[in-house]
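Take a look at these structures.
Two complexes are shown next, each including subunit A; its partner changes from subunit B in the first to subunit C in the second.
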Partner chain A sequence: MEEFLKQFFDVGFMVDHFDEVLDGFWITIQLSVISGVLALIWGLILATLRQLPGKALMPVRFFTIAYIDVFRGVPLLLLILIIAGGIPALEFLPESLRLPEWFGKPDNFWFGVLAITITYGAYMAEVYRSGIESVPGGQMEAARSLGMSHGQAMRSVILPQAVRKVIAPLLNDFIALTKDTTLVSVIALNEVVLVGSDIQSETFNSSALTLGALLFLALTLPLARLVDKLISREQSRFTRGAPRVEAL
Partner chain B sequence: MRTTRLTALLAVLLLAIGSFVVAGCGSSDDDTTAGGGGGGGGSEPLTVGSDIPYPPFEQGKPGNYTGFDVELLEAVGKSIGREVEFEDTSFDTIFLDLARGNFDVAASAATITDEREKTVDFTNPYYISEQAILVEEGGEIDSVEKLNGATVAVQQGTTGQEFVEEEGEAGELRKYPQGPDAVNALKNGTVEAVVIDIPVAENAENAGQGLEISAAIPTEEEYGFAVAQGDTELLEELNEGLKEVIDDGTYAQLYEKLFKHEPPKEIETATHEAS
Partner chain C sequence: MAGAADGGGSMLSLRGVCKRFGELEVLRGVDLEVKKGEVVCVLGPSGSGKSTLLRCVNLLEPPEEGDIHLEERSICRGPGSGTGEQSWELDFVRQRVGIVFQQFNLFPHKSALENVTLAQEKVLGRSGTEARSKGSELLERVGLGDKLNEYPERLSGGQQQRVAIARALAMDPHVLLFDEVTSALDPELVKEVLDVMRELAEEGMTMIVVTHELGFAREVADRVVFMDGGVIVEEGPPAEVLENPREERTKQFLGLVLDR
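For the complex of A and B:
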């Protein structure tokens, strides 16, 4: 038992390597925030495209649905490997796109952003869709009968209500996204897991990994409580006295 | 309604059980065909951890591994009367795993270093090596100095990584989980050079992928098989077996087959004291 504690919970060791692990975690945070924001936007675009009415726009709906199916079906890890291996090999692309080094971040960072945005955009699109579909049909009818076009109705009436409903599930997806950023370690990005396992292979002590886990908790626990609060606040709008989710 | 729910539940259970059965039937033993020699005296096979693939030292599919480490250890095993079973493991935790008893021996082109000696014990050296700088054909990085400021790839946890961290001043050091990943990164242009064991680099050079060794880095490394610290019995057995294999010419045969030249004389007398 003592061996186990020394191997994984050596506090002195964690203090010694704190800066290193924190640097790695900072990369994790940047990756999460950038991919998260992009995925939220991309998901909303996908969900809107999926809803476009009319026979003429059937191809758009079809491809959007196909996109969502494919990228919810392919594991993120595979996608990361394919993107990181494939894009640099596309000879016809200019160097700045093949090996992006924008804003001082290396290409594997941006490949990670791309893979995560593509995948989580698909997940979030489905969440947005459930929000859109839960807005009562009467809203759209009323808006159209006031003379608004489909686009105007979506923008001013439907989407504001829809997005409000799904903030909590979207935030849940965001929490999942921050944890999935660790997958980008396979293309040698120095995020917290790679830093921790590097320290482990040099020193034969695994406490840096535990430290990484603790840093993650410091990030995700407050987000999880925020989700709870948002859910209970949303519910209290519609239920009067009925059982609600307990916010801690 | 009750019957459909019941059937749904049954279907899920069957699917779960079915997948277990398939997994059980599908997995073949990681038995290497260790010379078939009658499984000697009924002693247990030696489990060996190795980061596969790392050609030309280990590669192939489960049950069918080949490579210098694999074939040499099989020969050693035959001479001490133990069968040898290789299993794939990741290199950056291999010494920790060995110390914890996940397997009996680690055979993974592992360099004997003082750091590692704190956690495991090494046999006498079975290979003398150095690092190499691998670049795309016509690449400019042909010396350690030229590594400065460049994007360099290594395999995580290797002496190649250690070398670049301590001696080089690479602009960016990329640590990949497996050796071939680093070579692939070089092939598609994501990095400018790879620092890796010379035999692996030679293997990549000869694979006709447009890569070449631009420089050798004489780090005078020796590879050893590793056992858990304090497992002196197994260590002595392995050393004896290794000496026999060297003395009776099997070692030289294997070496020439894989590396296309004669083994260095130092191997015959190289020893290593377990600390």
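For the complex of A and C:
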């Protein structure tokens, strides 16, 4: 038992390596927030493109659907390796794109951001879509009958309602994204997993990784509770509206 | 009310309008003339094509065959017609034709006033102040001057429907379509909506009203149209069609409705 505790929960060891692990976790947070925000925006753009009306825009819808299908179906780890190994080899790209070191962050950080945004943008596009499709068709008809264009109706009528309905599932995706940022350790980004794993191989003690897990829980548990709260708020909104029979 | 339409030019003219949904023929050649200032009530059993007729007129469901003239201009023949895409006629129609739906379709994330101002600002380019003053004036007029900042979920069905009427009026339509606007309401809320519509009719608004309210049709309509099976079976002044129908199908239907 003592050996077990020493291997995984050595408090002294955790204190000794706390700063290193925290530095790694700080990278994890930066990676999560930047990719998370970009994926939220990119997903919304994809979902909107997917809903464009008319025959002329069929190709746009087709390519959007193809994109979403492909990147939901490809493992993120594989995409990270393709991007990090592939882009620097593309000689025709300017160096600032081949080896991006923007805002003082190393290129592997930005390759991670790119891969996560591509993948999670596709996931989140589907979440937005479910929200858009849950808005009753009469809303679009009412907006169009008042003379609004499809774009105006989307922006002022459909999306505000759709996004409100999917905040909880989007936040769930964000939690998953946060955990998936650890995959970027595979291209030598010193985030919390790589830091912990290096310490583990030097010291044969896993407590630094356990510490990383605890830091993750400190982040994800409050978010999970927030999701629960949002869902129950949405449900109580619904039941408050429901007894109004004449409105149905 | 009869006589209000005397001397008005043509507002709407439908010629051989056909509409199919897949195999189902919903409209099978409808001809209808509506003069400026006229109130036309459309009656008929469910599935007779009444609602579809309205949705053809404002191009929510563009007809496959036939032609519709709005203020003597063809609205079914321009580029992009029938596809639901933006075209000159879509703008032309939506600027002139307002519609009020059975299910109100208010924007639930907007207050009553915002429901009425949104399209004024986005479509007509009115300033916020202008739109709000017009909006509160209209909500006042439909008896909701004290509900400007309420959200739809806190309004009764009748109140919601009156907001929807104000929202349509805010766009200064030349003709208003009413699609069974009292069918989703509790009986005690029907009157407040019909009263608003009656006032509009008295002020000379051109209206096409799909309804099951025979009393309203008798009292307010200049003309009553009876539809069945996707065609107009009979039309004429309310006294004739409602009291003394010529066609067997009209008699049957009115018998059914009155027996209820």
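In this section, the second predicted complex is superposed on the first by the 239 of 248 C-alpha atoms of A that agree within 3 Å, B and C clash if a C-alpha of one lies under 4 Å from a C-alpha of the other, contacts with A are read in each partner's own complex, and residues count from 1 in each chain.
Here is the rule we use: contacts are C-beta pairs under 8 Å (C-beta built on N, C-alpha and C of every residue); 3 or more make two chains touch, one makes a residue touch a chain.
This one's a predicted model, so the numbers in the text were calculated from it and none came from an experiment.
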item	value
First, second, both or neither for A:Ser156, with subunit B first and subunit C second	second
Touched partner set for A:Pro53, first subunit B, second subunit C, both or neither	second
Subunit B versus subunit C as contact partner of A:Gln235, first or second or both or neither	neither
Partner chain(s) touched by A:Thr220 [first = subunit B, second = subunit C, both, neither]	neither
Which of subunit B and subunit C A:Arg164 touches, first, second, both or neither	second
Partner chain in contact with A:Asn108 - subunit B first, subunit C second, else both or neither	first
First (subunit B), second (subunit C), both or neither touched by A:Ala188	first
Partner chain(s) touched by A:Glu141 [first = subunit B, second = subunit C, both, neither]	second
Touch count on subunit A, higher of subunit B and subunit C	C
Shared subunit A contacts, counted only where both subunit B and subunit C touch the same residue	none
Complex contact set, residues of subunit B against subunit A	92-93, 95-96, 99, 115, 118-119, 151, 153, 156-157, 162, 172, 174-177, 181, 184-185, 188-190
Complex contacts: residues of subunit C adjacent to subunit A	58, 60, 83-86, 91, 94-95, 97-99, 101, 103-109, 118-119, 122-124, 152-153, 156-158, 160, 164, 167-168, 171, 184-186, 189
Subunit A residues within the subunit C interface of the complex	53-56, 136, 138-139, 141-150, 152, 156-157, 160-161, 164, 240-241, 244-248
Subunit A residues touching subunit B - in the complex, by the definition given at the top	84-85, 88-89, 98-99, 106-108, 185-188, 190, 194, 197-198, 200-202, 204, 206
